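Lettered A, B, C and D in written order, each chain numbered from 1.
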């Protein structure tokens, strides 16, 4: 460790090639040559910054402690002499100027009426790279849209003439109070959207009494996010299991020590999904002069932010399997929940193993395309677990969670009525803070809360416990329909009907 | 009470702030300061007129007697000296000029061929605020559109070779004759669309022999509407139950005394729904210079006409419940009907309590989004009430009504064939009088009547009683389908077929 | 009768008002004053030509003998002196010039590949009035489109490895040979589209060995069409039953004498349907200066060609009923077929009465909207008539026909496989002759024939009798689906995926 | 045979008419007069080149040996004197220049992310004629699109917590190893898209260890394609059975001798389907000055590439039937597979006859429109063959294949999980080599392979054998739905919701 040593920018600049590659991050110099050799897919990006200051590229993608944790001490070469570093000229493109203009034109927060609105504004005001990473999903993005559409196949059967002067939207999740049956689920790379990253979520969660699930892949470090919590604020941890179980063990036990109340083990990502919108973004962003000619297959550039960032770390172990769960029980007392269960058979196994619950999730449609939506799987799970183990839901001893596609409190209510304990929401909060920081997340939570209470009243429910299966009609939930390919010739001939028109616009039929 | 006192406009103008707020309505001066303190959401709008003449804003939203009824006599300060009131300069915007141009270009009434046409013309010629209030619905407006779409899942099974030289479309509703099984249902704020407000409906209903349901929230006063009725003209009353039951009792007993023949108690609105189109309109209409900056959360402006007008009055009691019905029976002999029943269980309860009927309605899709359509609930209700109480429909002793989404006489016929006694129609009549006054409503009723008789003939029905369940195929009524998210890549590649083309337009494939 | 008398144009011109109205048709002068008083809806149009030569307006709508048949002899005033008639200046509008330009640009016939193509060309080259009359249908035109769409819910189950070197598409209809199981069904007002009117159909039918059904409302006279038939050419007659049964009796017995082989009695039109596209056309066509002001209700102009032409004749008796059928049996030996049956109960009645068959039809969607398609009713009818009378189909003694929506030979094959004896096709032939005269109809029949034989081969059918129910999958025929109202906010936010693009079109995501 | 004789171009040029028609191909002179008389539909095209060098037109459509095989030796007139042939001036049109510009702008191969991308690029860069031939399908192209859409009605039920560190995508097809359960199915006229034609497929198949099925109608000769195979590379043959069985016998026995491992007999094409997009292309391509006038019916030009090339050869025998299969068994020991089975009854027959398997296929939607997709028929076949013969699938002794509509590895996986042994892919590889030659095909195979392995991991499958029926939900596979015709008037009135907007774009509602 040479933490204190001063190195000149000129010296760093010499190590700008594959054989010897130094970079500067937050004023410190690191020798990352070995990263390039480890079959790392991010190599190309690293090389781009060889001999230069990579802070700006590094920051939104890695927590501050990522490089120190992953690089052996001897590769920490020392401090750079600030005055000697050549400034990388960041040219502000016309597109970027236009974007900043749009940012300054975003509407005041109280004109945001629903969660869709955050997305509409974020889409126009976020950096394209961030939008591509957040919004993209697997393959043809069928599942990510089905996640939302599935809720539209569930309808309400409201009760009337219930005294709803007072309604109580609060509930308990794994025994911890939440102001409504909603939690902020784990999503990666918060700093792509806002410099404070996931801290925006921590702060807003505290104000609104909801629980945040900290992601393994946060842009902020785990400890930053725990430190930012208010006294008594409950946090969960989402876990990607590392091939090196000792790393995982350290992480889990550290989390437990820091007061994390539930461990959500991701089981739907033995390999990261292809997210082509994100991958395509990559090409657009690159300098065209570097682009190889048609047919060349030199460098594999076919990866978006998702893969670029994750590739070098073996943080996702494809070997993870049912037998590992005993080991987890042996290293922690935290309740264990599987995140990414997608069929009743696996929910049953989790129950039989004595886990605390499962999240019925397809990773926001970012992994396996044509995976069914969580809320559809929920219907299957409650049916079979009742049939095979006599369980009814919601169930304190084995809690079901659902995430993906939620945009309205009515979506949440549908899942709760069908037996879920709580519903995870992710992207909408990312869009909220990307445009408006933590105030955006607060507003989003407030909107959800207002919608939730209003809809409880309209349904005739005084408490979350009142949200029973008879309040919804989910009989069409399993109908995955594709219309017959449209009838092009017939339709091109059909002269559409039209209504009465003002006299001056009258012309041809 | 200082009814006769003369106050100068200058004096009024001094009371232009929260601490002391006077306004002028119809030449009378009122001290409305206390309205501002009562947590009223409309405060901001009131303040805008503090010290000024608010008649124009007030009129379309409140019946003439609203302020006298709600404000204690001592706040009625007297008359303003007309010459001393500063004229509020109403600047006619370019948009308004364009609108008035469109109004003068509206087609003659006989070019209006169906109810859709009224809506098409109204949309272009109404003030935007009125259009936003009338047309908006809850959340994503799924239910309001489903209300119409549901009728498109019902098909006909016509009988042939029935002598239909004479057909009779008349029927009885709660024992009172109607020229067809249609009534004008209650809708609020008629003056937003036309200066005569709901009087347009009263007059047209008289001419066509149909029944009008007077709304609690009419722009005209209740007595105006009753006074305008012809001798023998039947009227019903729609009731929002006030937290202060004495107000409700007074209203109900007054209605009974004035000859109202049926009391329709609204049960689907313990809280007013969010109608975002209406809310969004509000922002657009405001002076941009007043708009707070992003993030500011000072004043809650997120409300449309609906909430603005209703908030200060506790006219909707969320505590209303089944037990209140005994009380209603004790204060009136009018037949009691619940308006807004949405599942068979509640229809059964209403029957068991001895009520006269229920309206299967979701409030035009303006309350709970994803509530099912009335005509779908009708199928469920007739099935279960037959199964559990042996009832058949239509049934004189327990009448079923349906409203929402009706645009064609075929829609009405479908509901009648499935067991409804009559169908309520609301918005189409609003659009009709907004563009053409009471003549528009007459034309709308005439169109409905013509369509109704023609379709009876085509179905082989000589009377309303002939409209039996075997005449419709409603087997798809419960199919709420959402197509699988569309296949964007595949579709963008598919080269559409095209038909033969004229020779001169021939170019590329 | 003053057939020979010569009258000057000036004299005629004096009778140009309601009180005395003369018109000239084909050089003859008629006093039509009494037509104006008989409550006739066409009055307004007649008055337009009062005192003038009305031939051009009259011709496409009425057969030559219509006026002589309907007007008493004393109203036939004589011949006009040709030189004295003021020429009505027909100004050729720019629209008309553009249309004639399009006519001259229509593609050669061999570029017409399918029946859709005729419609595409006709739409651009026909007079608008004719297009509006032919293409329009009832109300929202749901049924007319469903007629076609229903075929798209039926799929094939082809047999392989059948020797199809020779295939035979011929069949028998009511015992008469047809080159394929298709007939030309009755449609009105052929001269709107082409000066030779229905003669185009007679000629082409002869060449291709198919049967023409002559319509009651042909533009050509019945005898013209029979005279034009080749020796041995089979023709049927479609019948609207007149209130005055003596007129009907005369017509039927005349038809039988002239060799008509089957009488198709229309039973789905006790009243003509509203066809709003046609009605709307009417307004557009009128001189705007004549158009009354908004609100005026003087003249009822709300009718298209359909109603205008039919109103004065009581040719459709709404009193027609089952009992009349015995009378029909007593006046003719022709086989009787009901045209317009729409449910199995009525097909069963027709069978029990000993009729020769029924046409499952909804009048091309021009009468009752939301009537089901003929091919759907076919499935129901064969099922119930088997269940209740043990019948199998096709059945020589009780033949089922279907019409409406057919555009492809595959449509025909589907109906035949499901039990129909033959399928009627109407509009496509109208479009064919409107653009290309009788050669167009021949080409249309040739295309159908080629498609028919090819598809028989591909299905593994050597003869029409081989087209059996196991060759189709009609399990979805009863699914009338309406997608849940689309999810506007979600969709407006969804960023569509896109495929790879050429390098120069690359820009923003 | 006058192979060596030298003929001058001038001499050839004299034989430029129907009575005597010589053409030059690859420097050789042929007398093709008799081709013109044989009722050949391609006559017109041949005549265009009478007396000229036809090589360029001939090449992409016929294998080099086609003319020598089909023309008797005495018609091989000799060699042309090269210097004496008049060069046919090929004028490069502006469209062609634009196309070549697009070709040079195609993106580098590594920007191609999925199989859709090849199609997108090919559509823009291929000659229109080739695109029309490859992309077109039968009638309304309903089936070709359904082929793809059907996969979208099948969803996944992934297993979690399976150790997928290693996954193996390889399998066996008819006993031969394949790197994944995918083969390159037979498609015709490869040289239309690329000068190397099907050789591109042979080469890429070798590199990726997959099997190519050689088409009867390849642009390259059979022997060329076999010669190009690497040692041990497995190839199958697709067979159109000739009317002249001796030709077929020769072809089959030659194939067996050359080492072909499986014979796929096409049974879904007793007649070539109508492919109207291809036919329409033909008209566009022709010299407008030659186009006959409307109504003329001289030459039958209504045929695309498909029919033009095939018509003169009786290569498809419509008389082929079940009895022929015994004959096939007698002439070859190769495994026999029927290609184009479309219902369970026929699959059962094939099994009972002892064949090696069937391909459930509708010829890429190019034959019978409204034939069901292969993957739908697969569900039916496995169900009935289990029920009637106790078979389970995949089954070594009777293998099921599926082709049509595949674009993603997930499509392949769905078919495999439902019981298929392998899936054939055709068009995507054509598009791949049309734009990028054999490197394109390699990239396509690589993408499929990557997708395949990734999705195995995400599904929890370690080997192809793990892909079991419980991993998919195909309960909607038989739902062929057509939405009710859209509600034009209602929709044109509906004011769409909209989300929050930036402040500067704010205008009217």
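Criterion: a residue touches a chain if its C-beta (ideal position, glycine included) is under 8 Å from a C-beta of that chain, and two chains touch if they have at least 3 such contacts.
Keep in mind it's a predicted model, so treat the numbers as computed, not measured.
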Mutual neighbours - chains that touch chain C and chain D alike: A, B
Pair in C-D, A-C or B-D that repeats A-D, with over half of contact pairs matching by residue number: C-D
Far-end chain from chain D, centres as C-alpha averages: B
Shared interface numbering between chain C and chain B [over half = same, under half = different]: different
Chain centre separation (chain B, chain D; CA means) in Å: 59
Distance from the mean Cα position of chain B to that of chain A, given in whole angstrom: 42
Junction residues of chain D - those touching two or more other chains: 106-107, 111, 113-114, 116, 119-120, 140-142, 145, 149, 152-153, 276, 280, 479-484, 487-490, 492-493, 497-500, 503
Residues of chain D touching chain C in the complex: 102, 105-107, 111-114, 116-117, 119-121, 124, 139-140, 142, 267-268, 270-271, 273-274, 276, 279-280, 283, 291-297, 299-302, 317-322, 324-325, 338, 340-343, 345-346, 367-372, 478-485, 487-490, 496-499
Of all residues in chain C, those that touch chain D in their complex: 106-111, 113-114, 140-142, 145-146, 149-150, 152-165, 408, 410, 414, 436, 439, 443, 450-451, 454-455, 457-460, 470, 473, 475-476, 479-483, 488-489, 492-493, 499-504
Residue numbers on chain B that touch chain D, as the complex places them: 95, 114, 116, 119-120, 123, 128, 131-132, 135, 140-141, 145, 148-149, 152-153, 276-277, 280-281, 284, 288, 407, 481, 483-484, 487, 489-490, 492-495, 497-498, 500, 503, 506, 508-509
